[in-house]
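Each of the next two complexes has subunit A plus one other chain: subunit B in the first, subunit C in the second.
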Partner chain A sequence: MDEKQQKLLEHEKQQRAQKRKYLMISVVSVCVFFFVWELITGILHILPDYTMPSPVKVLDSFIKKFYTKTPDGEILPVHIITSLKVSLFGFFLGSVTGVPIGIMMAWHPRFEKFFRPLFDLIRPVPTVAWIPIMILWFGIGLGAKAAVIFVSAFIPCVVNSFAGIKQTSQVHLWVAQTFGASRREMLFRIAIPTALPSIFTGLRLSLGSSWMALVAAEMLAANKGLGYMIYTSRSLGRADLIIVGMLTIGAIGAILSYVLGIAEKRIVKGVSR
Partner chain B sequence: MEHNAVKQILSCRDVSKTFYGDGKCTEVIRHIDFDVTENEFVVLFGPGQCGKTTLIKMLAGLEECEEGSISLENEKITGPRPDLGVVYQTTALFPWCTVRGNIEFGPKVRNKDKKETRKRADHFIDLVGLKGFEDSYPKALSGGMRQRVGIARAYCNDPRVLLMDEPFGHLDAQTRYMMEEALENIWQKEKRTVIFVTNNIEEAIYLADRIILLTNRPASIKQEFKIELPRPRDYVSPEFLKLREIITQAMDATV
Partner chain C sequence: MKKAVQLEKIGWVVFDLLLLLLGWIFLVTCTSAKDTFPDPVSVFSMLFTSFVKPIGTYTMWGHIMWSLYRVMVGFTLASVTGIIVGIAMGSSKIAEAIIKPIFEFLRPIPPIAWIPLAILWFGIDEASKYFIIWLGAFINVTLNSYVGASRTDETLIGAARMLGAGKRKVFTRIILPASMPQIFAGLQVAMSSCWMAVLVAEMVRSNEGVGWIIIRGTDTGNTAQIIVGMITIGVIGFILTTAMSWIERKVCSWNTTL
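Let's turn to the complex of A and B:
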């Protein structure tokens, strides 16, 4: 017994060491990346400052951007909040309509027959192709952007909710029927729980694509927001701010999907994923 | 009221079934006719693909009879109902519900009193030997334990008839023996009318009051055997082995 304990401890120690080693590799990778970047830009000046600023410069601009409005007229937090507001609004609209429509399409054959052709026609149109018409309809205010984001969030919600409901097991429906469940109860107690992991996949994809669509929309129609900031910085030759914008977009996208992941873990039970 | 009167509970009158589809007719059940008395343990024993699942589904009201009729206490079965409990072959548990959630599912759907339901669930959880696993999800359970949940779930709806479609078909031999013993135990404590489907002869003899031997597809009744060995039965007793031989011979003749 004692010997076994010893071996167990040994084994755990080895695993921890292994983990540390892998963590080191990741840290080294990031360090190397920034070092090479600094080497090419700040030290050797292989790339000129106005196309590729050094990481030190980017960090500096990032901090300064928190309180300077130049050159695009707003400080970074305002851009972030503007973008978040629009994309979350569009995402919200897209998911509260997309998920139920996907569910209904999968649950009611007639509904599917009616919507399927329309949906199959709309689905292949890329998000950016929606921007011009939305600008014509809604102008360059919140409306056009929210509409574009709505479309880009709507589609993955419909597709994944649909697929999720279709996974409902026939045996589960029989069980529910035997117990006296109505068709409505079968939808809420069997089909939707079955579809939940898939619905969440849809939401995650939607959130990602609405965040990405936002930047595209803001480049074409906006006077605030991260996309707008990047776009303006390009015309002003401020590569540092472009990179600040890009990194901010990346970081916020990652945070959003992380938050949704936490919500998913709390809601989806008993399914190994 | 007579104490030992044998009461007919379920009758299957001259039932036939053919599936139509894919441009062909598949005749699955041909003129099956039998009665079941209250608290009898009937085993439907037949080869794979002969139509056993189809018959169970018809008994459960999940599939219509094409000809003939099935009735429970003289009342025709026209659709699924809670007093016809089914235990399925594959794991039919809801993976998003805990053991307790699965077992309480039926009463909850029918808006039964919460406290009462909980008490019933506790009783059956205890009966099938799952105490301590109430809050586990099915994915954390072994195959045998899952079928225990399935049995408790069916029992919790207070069924008049329990229909079991090869519930131990997917288990390894050892677990299977264990589950047969467990089921025997459960049934002794909570007597119900059971119709149990299997293609395993030992299982059939171990559990049955009566074995109904089915032919190949289309399934019809080949022969019936009353099993009167004392319970619990011994798989290797001479009487058991003798029965096994007799039934195997009758089986061979069906092919």
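Let's turn to the complex of A and C:
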């Protein structure tokens, strides 16, 4: 017994050592990445500043951008808030309409028959292809962008809610029916809880695609926002600001999906227990 | 029985399309939307004439070919590089430790956000578009190949090892086929994101391609041209995804879960 335990402990130790080794490799890899970047830009100046600034310069511009309005007219927090407002508004509208429509489509056969062809008609059109027509209809203000984001959030929500409800086990429904549940009760107590993980997958996809659609829309028509910032910086040859904008876009996208992940853990667990 | 179901389905499709057409006609004849919304006749006549009469410098075929050519270049490069990097990450712990942190650091940035930098790096012509399309597909393919390769059943590898298979044989006969379904799932997603990336790249900067058609429509206030472009984009997108899943079914025919 004692020997066995010792062996187990040793094995664990070994595994931990292995893990530490790979962690070290990761750290070294990241350090080398930044070092090489700094070496070819900041130290040796192989690449000119306007195509590839050094990491130090990027960090410097990032901090400065918090209080300087040049060259694009707004400070970084304003761009961030503008982008967040538009994308969350569109995402909210898209999910609030998309999820119920997906559920309805899966639950009522007649509803599905009616909506399916219409939905299949718009689904293959990539959301960014809606940008031009939306600009023409709603102008370059909040309306056009919110509409594009609405479309991009709506489609994954419908698809995944639909698939989720369709996964409901027939046996569960039969049991509920035997015990006298109404159709409404069956939907809210069985089908929707079954579908929740899939619905959340849809929400996560929606969030990702609405964030991307926002960047595209802002590059084509805007006077504020992160997409606008990186696109104007390009015509000014300010690669450092482009990289600052890209990293901000990436970081905010990651934070948003992380927050949604926390919400998912809470809600889905609570229901399934 | 099956035939009746299919007939009903077709009936609903026809009904929906008629309803849509009627709504459209109502919208352009009876409301003020006709200033910003083209009527069905002009859209469909433009759709058909665009294949013989050029929009800009090319006919619709020319624009489609330009866009498809860009997608194919980017997609091919991305599938080759993505599968190599992904499988390397999935089958070797050292490669994983080296590449993963950098990959995870760059992954959340949407490929579209790379456009300004790509233009600065590669200029405004083809190379920057290939880069954006490559990037859009590369992330998906790498991620899926990585997941596929790292989820290979350990017992299968162990069994092969015990029966005397070398490292290379384990790789070609077990890891590679086992990750095939995941790789194809990645390629499928990559194809649609390529199609999206080419549109944005063309909308931002180009003189030809289907993305150019729709953005040019906005610049000149030609709504009929935008709708024609959107219909074409939708149809081509649909054909691309259908073709991809057809290839997938052919190549991974042993996989019964498809």
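Basically, the second predicted complex is superposed on the first by the 268 of 273 C-alpha atoms of A that agree within 3 Å, B and C clash if a C-alpha of one lies under 4 Å from a C-alpha of the other, contacts with A are read in each partner's own complex, and residues count from 1 in each chain.
We adopt the following convention: contacts are C-beta pairs under 8 Å (C-beta built on N, C-alpha and C of every residue); 3 or more make two chains touch, one makes a residue touch a chain.
Treat the numbers as computed from the prediction; the structure is a model and nothing was measured.
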Overlaying the two complexes on subunit A, which is it for subunit B and subunit C: clash or fit?
fit
Using the superposition on chain A described above, determine whether A:125 touches subunit B (first), subunit C (second), both, or neither.
second
Superposed arrangement, angle subtended at the Cα centre of subunit A by subunit B and subunit C, nearest 10 degrees:
90
What is the contact status of A:13 with respect to subunit B (first) and subunit C (second): first, second, both, or neither?
neither
Looking at subunit A, does subunit B or subunit C touch a larger number of its residues?
C
Is A:193 touching the first partner subunit B, the second partner subunit C, both, or neither of them?
first
Using the touch definition from the top, say if A:171 reaches subunit B (first), subunit C (second), both or neither.
first
Is A:179 contacted by the first partner subunit B, the second partner subunit C, both or neither?
first
Which value in Å is the smallest Cα separation between subunit B and subunit C when the structures are fitted on chain A?
7
Contact residues common to both interfaces of subunit A (with subunit B and with subunit C):
none
In their shared complex, at which residues does subunit B touch subunit A?
57, 60-62, 79-82, 84-86, 88, 90, 92, 94-98, 105-106, 109-110, 137-139, 153, 157
Please output the residues of subunit C touching subunit A within their complex, sorted ascending.
8-9, 12-13, 15-17, 20, 36, 93-94, 96-102, 105-110, 112-117, 119-121, 192, 195-196, 199-200, 203-204, 211, 214-215, 217-218, 221, 223, 226-227, 229-230, 233-235, 237-238, 241
Quick check on the complex: what are the subunit A residues that touch subunit B?
169, 171-172, 174-181, 185, 189-190, 193-194, 196, 268-272
Contact footprint of subunit C on subunit A as seen in their complex
22-23, 25-26, 29-30, 33, 50-52, 113-114, 116-118, 121-122, 124-133, 135-137, 208, 211-212, 215-216, 219-220, 227, 230-231, 233-234, 237, 239, 242-243, 245-247, 249-251, 253-254, 257
